[in-house]
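A, B and C label the chains in the order they appear, each numbered from 1.
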Amino acid sequence: MSGARLTIGVVDYGAGNLASVARAITGLGHRCRVTRDTETLAAADAIVLPGVGAFPAAMASLHEHGLVDFLRQQARSGQPLIGICLGMQLLADMSLEHRLTAGLGLIPGRVRPLAGARWHIGWNTIEIDPEDALLSPSDGQSLYFNHAYAFDTPPPYCIGVSRLADAFTVAVRRGKVVGLQFHPEKSQLAGRLLLKNVIEGLCRA
Amino acid sequence: MLEKRLIGVITVKDGWAVQSIGYRRHRPLGRPEVIAENLDRWGVDEILLQCIDRDAQGGGPDLALLERLCRRGLSTPLVYTGGVRSVSDGVRAVQAGAERIGIDALLHDDPHLAAELAEPLGAQALIAVLPLSVHNGALAWLDHRSRLSTPLAPALLDVLASGAISEVLLVDWQHEGVHEGFDERLLALWPMPTLPLIAFGGLSEPSQLRGVLERPNVVAAAVGNFLNHREHAVQRLKQSLAGLPLRAATHAPLDPARAWS
Amino acid sequence: MAALMHCRRCLYTSAHPLGLMLDAEGICSGCRVHEEKDRLDWAERWQRLESLLAPYRSRSGETYDCIVPVSGAGDSHYIVHLVKQRLGLNPLLVTYNKYFNTSLGIRNLANLRIRFDCDLIQQNVNPHAVKKITRATLRDFGSDYWHCLAGQTVFPVQTAVRYRIPLILWGAHQGLEQVGMYSHEDEVEMTRRHRQDHDLMGREADDLPTMFDTLKESDIWQYRYPDDAALSAIGVRGVYLGNYVRWDPKAQHEQMIERCGYRTAAFARTFDTYDHVDCWNYMDLHDVLKLHKHGYSKVTDHACREIRHGRLTRAQGLALVRRHEQAAPQHLDKFCEWLGLDRSGLGFLLDRHRNPRWWREAETGRWAFAGASTTAGEAAGVTMPPASAVFEANDVLAHDGIDGYITIGKGHP
């Protein structure tokens, strides 16, 4: 490992499997704090926002734990934030899943149903903007997806797409806020390398 | 491009991983978490954890097993099936580490309740597990509890057509454990061509696997017993299936820091 | 905890550490797979073996066709007889030095290599590391044998990679033979996963430094399995002859005693005199630990095997088990001296590993046993085995009067 050990906070807000994300982080040699305590999260080198399930329930949970304003504030102050799967979608302005729900609004755009397919399940290749230093080493790699909604966001925020019939956004970035639609913690070696590049790239920049 | 999947199945009975033959006979294999770790290292595309005694024991999903598996740091997507009887069972199984869950007995008893799981989890996280056989030229659907087979129920087909469930695990239960035993008539007789299928049961030989995976509505093939018979079983199968849209085989790279060689 | 279930045919129970399934008739998976031995066409299976081996036969005669892991006991003589004399292969024998070697075992190993005119290489891991590992494994999970199992199962694989000899030939598969883990027709081969799960009780070499502060990588690297990439590059494959030959250890050993000079010894803790004669611990300290942890011991494995081969009834087997399984160990002092433990320290460890499912301390220092044999049913009145099941000894462990652990034997040209 080419640098000091980082401390990564993983937001525990009751939506998703935290153990796998935490193990992926510690497997890279970093410390992991799974918590909803804002002080601990603020003190970390980066925050990871995981998530599985439906957008409205996840946002309701974040509100309930007083994390919405906190996450917005931390992101705006420059603390690295990585959203995974539903966690990426939560970065958007809003989602159409079930009912129109406001998101964290950290990256412009909205979440809408996939076009031309009811869901996206399995391993698919990602096409990464060659300008993005964090993710471009993973261009062309196959990662694991399991979702039915996609985050529409324009360039420069959309930095990676995948395709079914048409292309849709699978990676977003605005400053130190990064979103990944796939599950890097469940994508074996390709996922580990990608997660390593993102975490270490964001924290050591 | 979205790839087809080779799924490794771990069948668990009384907490022990087993080989399962014809939904009837069982042979002990070992600890589920050790087998899962091995499949993970071999690079299988998904792991299906199938707990077959949960309904009999009335205990809901085996959350403790899911948690043990996750603690070992599996980096392969996990599908869990066995004992999911309610929405909260399904949600708990996902929180304990499964990406997707399978429902079997509940589809016989209350298919509409099964569909309700799509609300918190999403249809992409729901799989219908259907043990099928051919009887008088038509599909027969097994209830593993009574061991009785009936035609596919209209209520089941309605739920499948509604989009609440994303994939069907089509199990040739009679030929489980039989080399090259998968009955392809099951695929030919399947009445919903737009619903993605995972074929399972007696798939051991590359030639048969290739034929099954070439079908447009088959998105994955699941292999259970046969992955335990040889070293690198997953990689061998993938290598022999070259040319199909399947993720390539991997062998963990030699670590130059390891001094013994 | 689930109730203990007994097989109606043999003496195994649902608590078997390898796992055991009982069917609707109360017959266990091990007995069901054993039935295949009388059903399969073994001539046809021998042909399958010949076909499987054909590509591995060296054309030049200047390299080994295969690796055969051996010891001074077990089925090694019979395996080498099959490989060299019946299959006409040119094997490289490999053996792992267990340290607990009897002089009879040293003599048998020399006999093996000389009688069959084979090349043999032996791995000796340095005693400092072996003792450090054994202190840790004994204390923590009651295993005196981890280093032996780890070494015996990995040295052949490492040799396959280092010498570029892909084929390793083993005898019978323990999981298949004891609990019917596989059908003979599965033609199961060696896997790292099985070694980790069963031989090593879940702990591979790299797990040990994580578990024990006293162990570092420099103590354990010799027991590390080769990487998948290395195995795949060489095409390493471990094949079990027991999938192609009707395996009957008693009959096989008797052939080797009669024709190939294999020598045997009696034990207090079992009626079988043919196996395990190379080790002071296996039928002694190791067997006591097995009884403490698992509620049964090796004599039950021997009895089950003989019951299934039709040479003992279940009741006769049970009588033999009850006769032998509480016999006192006789060689604990040798182990204590080797490891630098005192007897009371070892006694403390032995008690610590008594599983409360099988043992209750009735009064201080006196233990009541409630293991498998106590609920197995009726034993035969007579405790001597019938003629068909008699095992004779033609030597003793301290062959030539040499007692104690022998690390390297000499005087066997």
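Note that a contact is a pair of C-beta atoms (placed from the backbone, for glycine too) under 8 Å apart; a residue touches a chain by one contact, two chains touch by 3 or more.
Keep in mind it's a predicted model, so treat the numbers as computed, not measured.
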{"item": "Longest centre-to-centre distance from chain A, chain (CA-based)", "value": "C"}
{"item": "Most central chain, judged by mean C-alpha position against the global CA mean", "value": "B"}
{"item": "Centre-to-centre distance between chain C and chain A (centres being mean Cα positions), rounded to whole Å", "value": "51"}
{"item": "Centre distance in Å when chain A and chain B are each reduced to the mean of their C-alpha atoms", "value": "28"}
{"item": "Averaged-CA centre spacing for the pair chain C and chain B, given as whole angstrom", "value": "35"}
{"item": "List of chain B residues in touch with chain C within their complex", "value": "13-14, 16, 18-19, 25-31, 34-35, 38, 41-42, 225, 228-232, 235, 251-255, 258-261"}
{"item": "Chain C - residues contacting chain B, complex", "value": "2, 16, 18-21, 23, 29, 32-33, 158, 161-162, 175, 179-183, 186-194, 196-198, 202, 221-222, 224, 226-232, 236-238"}
{"item": "Residues on chain B engaged by chain A in the complex (per definition of touch)", "value": "1-5, 40, 43, 45, 67, 70-78, 91, 94-100, 119-125, 163, 166-167, 196, 219-220, 247, 250"}
{"item": "Sites on chain A touched by chain B in the complex", "value": "14, 16-17, 19-20, 23-24, 27, 52-54, 57, 98, 118-125, 142, 144, 146-148, 162-164, 183, 185-189, 191-192"}
